[in-house]
Amino acid sequence: MYVSVKGGEAAIENSWRLLAQARRGDPAQPELGLDTIAQQLRLAVHRVMTEGSLYDTELAALAIKQASGDVFEAVFLLRAYRTTLPRFGYALPLDTGAMHIRRRISAAFKDLPGGQVLGPTPDYTQRLLDFALAAGGEPPAPLPPAPAVAAHMPRVLELLNLEGLIEAERPANLGADASSQPTEPTDLTREPLAFPATRAARLQSLARADEGWLLALGYSTQRGYANNHPFAGEIRMGDVVVEMVPEELGFAIDIGDISVTECQMINQFSGSREVPPQFTQGYGLAFGECERKAMSMALVDRALRARELGEPPVAPAQDEEFVLSHGDSLESSGFVQHLKLPHYVDFQSELELVRRLRQAHRAEGGAA
Amino acid sequence: MNTETVHTTGAPLAVAPAQSADSDYNFAFLDEQTKRHIRRALLKAVAVPGYQVPFGSREMPLPYGWGTGGIQVTAAVIGCSDVLKVIDQGADGTVNAVNIRRFFARMTGVQTTTATEKATLVQTRHRIPETPLREGQILVYQVPQPEPLFRLEPRRAQTVKLHALAEYGLMSVRLYEDIAHLGAIARTYDYPVRVNGRYVMSPSPIPKFDNPKMHLNPALQLFGAGREKRLYAVPPYTSVESLAFEDHPFEVQRWDHACALCGAGDSFLDEVIVDNAGRRLYVCSDSDHCQSRQQAGHTGSAVGEPGSQP
Amino acid sequence: MTDDRLLSVQGVGKHYGARWACRDVSFDLWPGEVLAIVGESGSGKSTLLNLLSLRTPMDEGAVHYALRADGNTPGGLHNLATLSEARQRLLARTDWGFVEQNPRDGLRMAVSAGANVAERLMVLGQEHYGRLRCQALDWMQRVELDGHRIDERPTQFSGGMQQRLQIARNLVTRPRLVFMDEPTSGLDVSVQARLLDLLRSLTENLGLACIVVTHDLAVARLLAQRMLVMKDGSVVEAGLTDRVLDDPQHPYTQLLVSSVLTP
């Protein structure tokens, strides 16, 4: 005998319990500590902070633990938490030129003032599974003291700028019309994105976007879908000071350090009657050591500047609405997975229509 | 802790008494500034019926696509004295409705109910309650895709212009095509409507069966799309007309059956497969409506027949 | 004396960077008159057409059009730049037509022929399916298309038929002015001839004013009473078609005319 659907509450509570059990796994295994995650899974933590738009290694570690390692779910947890946080104000723009450098490379020049500082990168390893890691064991031997990193590391782009070879930086919060006055940058966590978008809004959107999405789009620009001939002008990673001006004080104070990765891509531009040929740039910025993200972001940023640089938008990576509307993993994951929700009422409507049309089809004697 | 009374046939309906709200969170979860932002957007929406107002949608503890728009609208308008009902597919007991109702119970401490007539605020996914609403009630719809033209024109930059200029030719073309190829308009849910004679609006994926209920409804109808970051409204007693041609007028679905539990012949029926041979039963989608009718003594064909077990 | 002009163009021009694509073009057009704009590729003729039809904003000059008088607007010439975007778009969809060189640019390829033809009527508020279909059928027949194909998509039509469909789609609101951008260029010679015949009879029977851009002098000869010759963005010669083609004054026109191969 059919009984109306019931027990929704009990089912939900049981699913929570099953989830908690699955999350913990075999109780004989030591439980993961947040410090362990933050230390030994630091790149996952950095990605979650970047896409979660929240710099807090401990919270990101907790999100990763709660999500059982699912990055999308962890990003969601962090963003939802962020919504509840009180807002004190806005930081001043980060001075990445004054970064306390831990890694800094340029593919555009063999050597440059300050040198090529490799830092902790897997770039020069061979990707062979290291079974010694499986066994655990001794921590690596401490390093000898490093030579001091040069105090002043000029940006590659500043060097190019001395010759006028690269476009002058313009405030990113100008509208699509280059002659308009700069305005307050929008805050995408407070206002919805509108099209056409300012570069400032685009960059914000890209900074929070899913890395996989940007990676694929950036890759497409290298394969001929809007070719920009990119060069990695400079990639730098390290700690920067965060400053803000509290209303009561009226001057800037240092509220802490965060580590970021910044990428400036150099691309070619063919010039026009009015403007001689010069390099153009794409910009990427991410928390922690998210280098692949910063690079992909810079490629996509450059592709999306097609409109303001007078290039005809022909490729998906140049389609602003397409790129930005589908980059947020909360939106994409939520909507794709919402298909799991009951849709039986609408399905019922479709069933009814299809049956009726089939009936009509039969009545007309089948295929006409 | 008081919990929601779970339905079985014949069990009395209850209004769950208010519990104390979770004091770790602001009333209704959202901060006051956000609520004000949403209410300002809602005022704009009510002033221009059917017009999509962009708003700064916040990340909520439920995923985008799972009702965050409806939740934010409810959170912005709910007050301590409200009585809240939440339904999904017309039923109070489906998991999504239960989840959202628990969220608000925890975040506001307001009374919740399954009875449409006792509610002051009803949040719904994909159905309008069968029980007619009255003045003073608010119906909040969860909307996945607020743009009625999106299948014809995915670009927001374009559709904004089309709405502003009331250029709805694309939509008419689509309806014409359906008739030319299928003999009838193929939309059975999320059927586009014209509001107050001006804006074409998506009523959310309610079955077209429910469209007539929107017209001149005494209640305030609010629509929230969290992921797409727009909201819109139909004020009380506003005209809402389903698009059609004069010679192919709008029609609602009809069943050859009545509800197997309460005998209703004029409600939206869910089809339920009851055995491996594919035997079917049809029951009211609106669980509260069905319950009330059964309590009033109405029965359907499947009730009280000992040999009816499939 | 009343001003009967339908269109008055004064000194219109457009530049891209330092280069003027089209400069200082002026002419008048009367109801029912067909004007050809002739030139090689790069002469600025397509730019001019886009300026006149408001598809591209002009950098200098003005275009005046005689709007139909209605409750809101008195009749007579109006400067189109003073119209709101909404009004301009409405004009483009009712009193004007634009026939694209490639019919795929002027049709909705994913919907049926009938929907293509009836769309303008639907946009204007016609809500009777049967009557819309009737009118679509009527216009398909006027452009010599088989009415039985009303539910087929344009992808199933030949190039010449797609072009006829595009014409029907534009004429259904009985526009007084139709812009045409190389209407026959993409077609087979024999198909071109039949289409030109159709265009000629339609313009005569319906009293359409047309501005036809073409590089083909034969098209100008057949369709247009007057023509403009363009070179490097400027009008080098203008006048009655027969006079310009039989007795060209400007060296460039002479060159054009003499290089035409007679069949």
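Just a few scattered comments:
The letters A, B and C name the chains in turn, as written, and every chain counts its residues from 1.
In this text, contacts are C-beta pairs under 8 Å (C-beta built on N, C-alpha and C of every residue); 3 or more make two chains touch, one makes a residue touch a chain.
What you see is a predicted model; the values in this text were computed from it and never measured.
The greatest centre-to-centre gap from chain B, using C-alpha centroids, is found for C. Across the structure, the highest number of inter-chain C-beta contacts is found for A-B. With centres defined as mean CA coordinates, chain C is found 49 Å away from chain A.
Taking each chain's centre as the mean of its C-alpha atoms, chain A lies 35 Å from chain B.
Touching two or more other chains at once is no residue of chain C. In chain A, no residue touches two or more other chains. Contacts with at least two other chains are made by no residue of chain B. Interface residues of chain A, counted against chain B in their complex, comprise 1-12, 76, 79-80, 82-84, 86, 189-196, 321, 325, 330-331, 333-338, 341-346, 348-353, 357, 360.
For chain B in complex with chain C, the residues that touch the partner chain are 164-165, 167-169, 172-174, 176-177, 179-181, 244-248. If you check the complex, the residues on chain B that touch chain A are 3-4, 6-9, 25, 29-31, 37, 54-61, 63-66, 68, 88-91, 93-99, 102, 125-127, 144, 155-157, 182-184, 186, 188-190, 205-209, 227, 229-230, 253, 260-261, 268-272, 274, 281, 283, 285, 287, 290, 302, 308-309. Those residues of chain C that touch chain B in the complex are listed here as 85-86, 89, 108, 111-112, 114-115, 118-120, 122-123, 127-130, 132-133, 150-151.
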